[in-house]
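Next come two complexes built around chain A: one with chain B, the other with chain C.
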Partner chain A sequence: MTRSVTPGRAAPVLPVDGKTLDTQLSPARTRRRARWSPTAIIGGLLVAFWLFIALFGVWLAPYDPSALGGAVLSGYSAAHPLGTDYLGRDVLSRILDGARFTVGLALIAAVLACALGSGLGLLAALSGRWVDEPLSRLIDALISMPSKITALVMVSAFGSSVPLLIVMAVVGYTPGCYRIARSLAMNLTELEYVQVARTRGEGRLYIAVVEMLPNMRLPLLTDLGLRFVYIVLLLSGMSFLGLGVQPPNADLGSLVRENIGGLADGAPAVLMPALAIGTLTVGVNLLIDRFGARRRGAR
Partner chain B sequence: MDLSVFSLIARRLGGGLLTLFLVSLLVFFVSALLPGDAAQQALGQFALPEQVAALRAQMGLDQPALLRYVHWLGGLLQGDLGQSLANQMPITSVIGSRLVNSLMLAGVTALVSVPLALTLGIVSAMNAGRRLDRALNIFTLGIVAVPEFLVATLAVLVFAVHLHWTSALSFAQDISGPLDFLRAYALPVGTLCCVIVAQMARMTRAALVDQLQSPYVEMARLKGVGPVRAVLRHALPNAVGPIANAVALSLSYLMGGVVIVETIFNYPGIAQLMVDGVASRDLPLIQACAMLFCCAYLVLMTLADLCAILSNPRLRTL
Partner chain C sequence: MELLVEVKDLRVVAQSQDGSETPIVKDVSFNLAKGEVLALIGESGSGKTTIALSLLGYAREGCRLAGGSIRVGDTQVLELDAGGLRRLRGRTVAYIAQSAAAAFNPSRRLLEQIIESALIHGVLTRREAEARALQLFKELALPDPEQIGRRYPHQVSGGQLQRLMAAMALITDPTLVILDEPTTALDVTTQIEVLRVFKQVVRERGVTAIYVSHDLAVVAQMADRILVLNGGEVYENRRTERLLASARHPYTRSLLAAAQPEPLAERGLPTVETAAPVLEVKDLLAGYGPIGADGLPRYRVLEGIDLRIGAGQALGVIGESGSGKSTLARVIAGLLPPAQGSVRLGGELLPPGLDGRTREQFRRVQLVYQNADTALNPAHSVERILMRPLETYHAFDKATRQRKVRELLDRVQLPASLASRRPGELSGGQKQRVNLARALAAEPELILCDEVTSALDTVVGAAILDLLAELRRDLGLAYLFISHDISTVRSLCDEVLVLYAGQPVELGTPATLQHPPLHPYTELLTASVPALRQGWLEEQPIRTPVPLVSSPPASGRLCSFLQRCPVRLEGRCDRTPPRPQTLAGGNRILCHHDGETLQRLQGGTVLHSQGVRA
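Presenting the complex of A and B:
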């Protein structure tokens, strides 16, 4: 108890208030932060593993993911390490193939959402009230639509397709990123070096990219990881409802859905894809927890 | 001073209403962008042009979009949600009983999860940095990232298939005693709790740890206040704002979470209705459901903000 109340507010875990600047300037602290805890290592390994699978999984697959085999919903065996699905297809190959969609789509969407959100956030922070106010109002409106509800409305209007899924995730998760980027940038605009750059007569683009963005890097990257997790959950949730990636393609969520009939027997065809999603998202979470950024906002 | 509280509250409520208006615009015009229109879809590809035109006139689709929006919004304000395309029934009567079911599910989940999460958060903040805190941290970190359908399918596998404690994928309508109630609600509520308890506990911990590091808590400890009292009497009141925010955010996550959970457990609530509506492309129904969910979200967020305002004397004097 008393340890946590030592004066001087020991741990600057809060990356806002320009403290990232502080951490970059002091080498001792940087070294301390760079130490990897066991959980972070596990997280990093899981993330690296899934990135590898997403990139090279297709070539590793022992069978053609859509080739029909023999037994239906069989258990673990030497020929089919993770069993077969409801049509007798090899589950391992289907997971290796499906990971591409889950990881790839979520990564694209997360990067787009974060780029758009940070761009708009910087714009709002550097422009006057007449840009900031309407933009923030619009974002408030977008953020008050739960992302799954936005997703359902969009799918019902436009039908489900891969580009739409990406747009949907970007629309759903840009607002959160905007808010974080804007509050970070607002704090930075008060600092001397930004004021100096302004007085020097630098343009807004220069200030945003050269002066401010490098100092917002760490919290924004953490946020990117968090958005990635949420988007994976959203996309696999939509696929699980049958409204996400459409056949013949299948992401991990679709795999869970199509094999749900095997649940009663505990078939690996339904457990393994679900576990795959779980390990992916938990891995990312463990990894970004290392950066010590607090999780702000649930979405 | 009282006046300024009222003006602050009034401004917050006004902002909420404005946001709701913007949401209604978004919800309406996303579906108005639809290629083809609802009449075409209701009749299918092989309908005669005359049939489509007639239905379009009957549904009011021949009017400009802005006029339709005004009509729709006017209807919403009077409690008339329009007509479902799928079965030509007024949406109000379709939604009615299901709304009660969904609120029931959300209410029970909130009753179970909020006290649990606050306790976890407080315990882990009091032990910040120790082994218990680290264990809780890893546990909540792990569980917060697990998709609902994994939790739900595992729960069904363990409790319904192997242990036979509850019925698997059917929801009992007739509830005659506490045991039936427990059987029907245990799995859906448990699944929802899993996801939001972790979130809420983490945010509660963060808010409290922030307070516990401040000088006034150290002062209280130095003058001999016990650790429990220091947390509950000194730190907690100052963390009410962020905690209320965390609770509201997590509960609003229920809005999305129920979509999956209601579908898996075949629970007759609004979210399931909405998913069915998406499958049959029943736009008026989807719009109505979306507005209900957004409304609930805004109410929660506004309540949290009001809590923050009323619990913070500094905000009150703005």
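Presenting the complex of A and C:
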């Protein structure tokens, strides 16, 4: 029983008699809106920028991303703002095109991993031990395998393709999401509103979707953002090893790899894709921090 | 008289996120003479804890000590720097918190923690501090004072931990002690023991203390003067005896009235004698843990429960924490299938668990939980919360459902404009009303109320009780009303079941439970509720029984109250299970004593403080 004064809540009104005290409306509380901190604004802008590039970048590209021409590994110029790559292709156009793969693949994989993980987590929390135990041990087994090694094994066994990359990322990142969703859901099942729903005769699906999911939303979104970042890095790493998106297509990771020869000269062809990966992941992280801050503020 | 503490025009403000400040303590002034005990009383949000903490120079996160002055002894508290505050806290001013369990570090031995502040402040050497702790343990009537300091916090009971916390506060011989709701989390039977030793120590040592509480009856025992607070303002500041005799402020009068709920008869409720039973429970046994060879769970929470609730009747269930009263509601609701026994609803047998119960059976029994904070989904609006049972149980069209939501809100005396709000935007009392409205939406026959008023302030709780009584009268609802507070139960129920450690020790009516003969546990429970007058505490006899000489055999259903019973018969109570019997007044009890003996034992004001030998 905590009897504390919540900051921001106005003091109770003097009751005329006992009965009217708590029927009086507490003075209208303005819905508290956490202000956007400067870092959160930067994060939001970066994420918005990269989403925009991923959606419309192809049409903005000044050149055909695979068209050859110009000098090899040239610097910044009016014709090629971000220079050219090791085959003389326009780097700006290649980044605008490659962002589609990096952002798109990572987003699809992250959403799938989190949807699957949360779904299984809720199922485990709401079912008895007969479902929870085998499922959790299976997930433990998956967690125990390092995701990069698993990915390498899968690529060497099946060859690299876009669907395989997605499956690989989903397999790698579902277990973590499952763990988080399950523990969140386990805490919620003990709460009284969930118990009341059970004694109302509600089904598991209703309890999971209507009663529990809305109260897990923020942590799960934060988790989604984090996993998106991990997947971007995983895919970029795979591409850097030459096992990710295959030529003629290229994601940001492949761009860094194919132009690695320009690193000694500081060629924009290698710096710019790396910077792109950096800004994307940093942007998402800054935005996630804002969600976290809002959760703390709401308590 | 020398003024030890002087608080002048104290202002504390709360800062909201947009930077605006709301005052939560408004220009409060009071003085405290040496050796005086001042009570700060008020509801949640009245600023009583905030004021108490400001004497330590502390403001909670989001709050700021904005103005005024506080003098404790020779120290101006609000002018101290961080180092000065460190020297003040635990040395000049000591604090005893509500939850001792949360205040102790679970991984360190008690003695280490108790003498810590004396060592930090360098007032005593380790040897002196340990000797002093031992002396305090004796004064605080702790069992085995030589050894208790070597234990860990989880190895002592809640009441003992609270007393150990008092030892921690008193070890530096502070100028001022602040007790913040020190007995609120305890059972009444434990509370009386703790209050007794607190009072004794305060008087013998001449401690100057500030006692923060919401319970007027407790404060009446402890305080010389009472400061009534509401909304951060002082409404009244008078000597205890005068305040109790003639409260000036209407707010104080409403507090006094709420502390003494009206008995049932004065509420004009019909007492239905021969109503058809809504709920019948027979020989119920429920528990947790692995199932043993006898087909019963290892940890039995409830055993041998028989009860019957007629249509429109209210059965109260009381007992202290761990008595199994909440488990009873869970079993009836189907959340915990019983290991043995049957539950019948309107004559038909209910399936033990949730599986197999029909929608109609779900509808007829509704569960209302104690804590409205966790009983309402914070993500849903009030309308959505009330809409769901209407959709689930009734085939109303949308317009009817919306009308019903408004009717329900009206029924629980809430304005219809509340429908679009979320639970987080409501006050505690409003939430509890929505919680009730959701149960009413199903149009049930029986509502299981689990401590519905316990988390609320006295005045708000009394209003909820009025509402429950009104609903019962208008809708013919039956209640299973669970509470740890006997006066609450008395004011609402036709019959009362007293549980102790899962055994039903007594079943009677509120009227018959007021006079002897009673089951020894019921008697202890009734006698432990503080009365709203000074001097009550001193009149109460000490009822701690001597420990059992012979340890009882492990098997068999012996009386669960055996260890604590002040009138047990050695050689009988610890050998054979008690038999149910009906007393002359109509109460059914589970005890070896007959009515006449109990009457004789309880008739006098002084009960035997030791076991009676057979």
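Basically, the second predicted complex is superposed on the first by the 259 of 299 C-alpha atoms of A that agree within 3 Å, B and C clash if a C-alpha of one lies under 4 Å from a C-alpha of the other, contacts with A are read in each partner's own complex, and residues count from 1 in each chain.
One rule holds for everything that comes next: contacts are C-beta pairs under 8 Å (C-beta built on N, C-alpha and C of every residue); 3 or more make two chains touch, one makes a residue touch a chain.
Since we're looking at a predicted model, the values are computed, not measured.
Touching more residues of chain A than its counterpart among chain B and chain C is B.
Using the contact criterion defined above for the overlaid structures, shared-chain residue A:Tyr193 touches chain C, although it does not reach chain B.
In the superposition on chain A, contact of A:Ala78 is made with neither chain B nor chain C. Touch criterion met: A:Glu211 reaches chain C, while chain B stays clear of it. Touch criterion met: A:Val256 reaches chain B, while chain C stays clear of it.
Of the two partner chains placed around the shared chain by superposition, chain B is the only one that A:Val270 touches, whereas chain C remains out of contact.
Chain A residues 1, 3-5, 7, 9-10, 297 lie at the interface with chain B in one structure and with chain C in the other.
Across the interface of their complex, chain C is touched by residues 1, 3-15, 17-19, 21-23, 25-26, 29, 32, 34-35, 191-193, 195-196, 198-202, 211, 214-215, 217, 297 of chain A. On chain A, the positions that touch chain B within their shared complex are 1-5, 7, 9-10, 39, 137-138, 140-142, 144-149, 152-158, 229, 233, 236-237, 240-243, 253, 256, 260, 263-264, 266, 270-271, 274-275, 277-278, 281-282, 284-286, 289, 294-295, 297-299. Taken together, the chain B residues at the contact with chain A in this complex read 15, 18-20, 22-23, 25-27, 30-31, 33-35, 126, 128-129, 137-138, 141-142, 144-150, 153-154, 156-157, 161, 168, 199, 202-203, 206, 209, 212-213, 215, 217-218, 221, 227, 230, 246, 249-250, 252-253, 255-256, 259-260, 263, 274-275, 277-279, 281-283, 286-287, 289-290, 293-294, 297-298, 301. Those residues of chain C that touch chain A in the complex are listed here as 14-18, 22, 24, 43-47, 49-50, 60, 62-63, 98, 181, 184-185, 214, 230-232, 251, 254, 257-258, 333-335, 354, 357, 359, 362, 365-367, 369, 371, 374-380, 388-389, 392, 413-415, 417-418, 425-430, 433, 438, 442, 454-455, 459-460, 462-463, 466.
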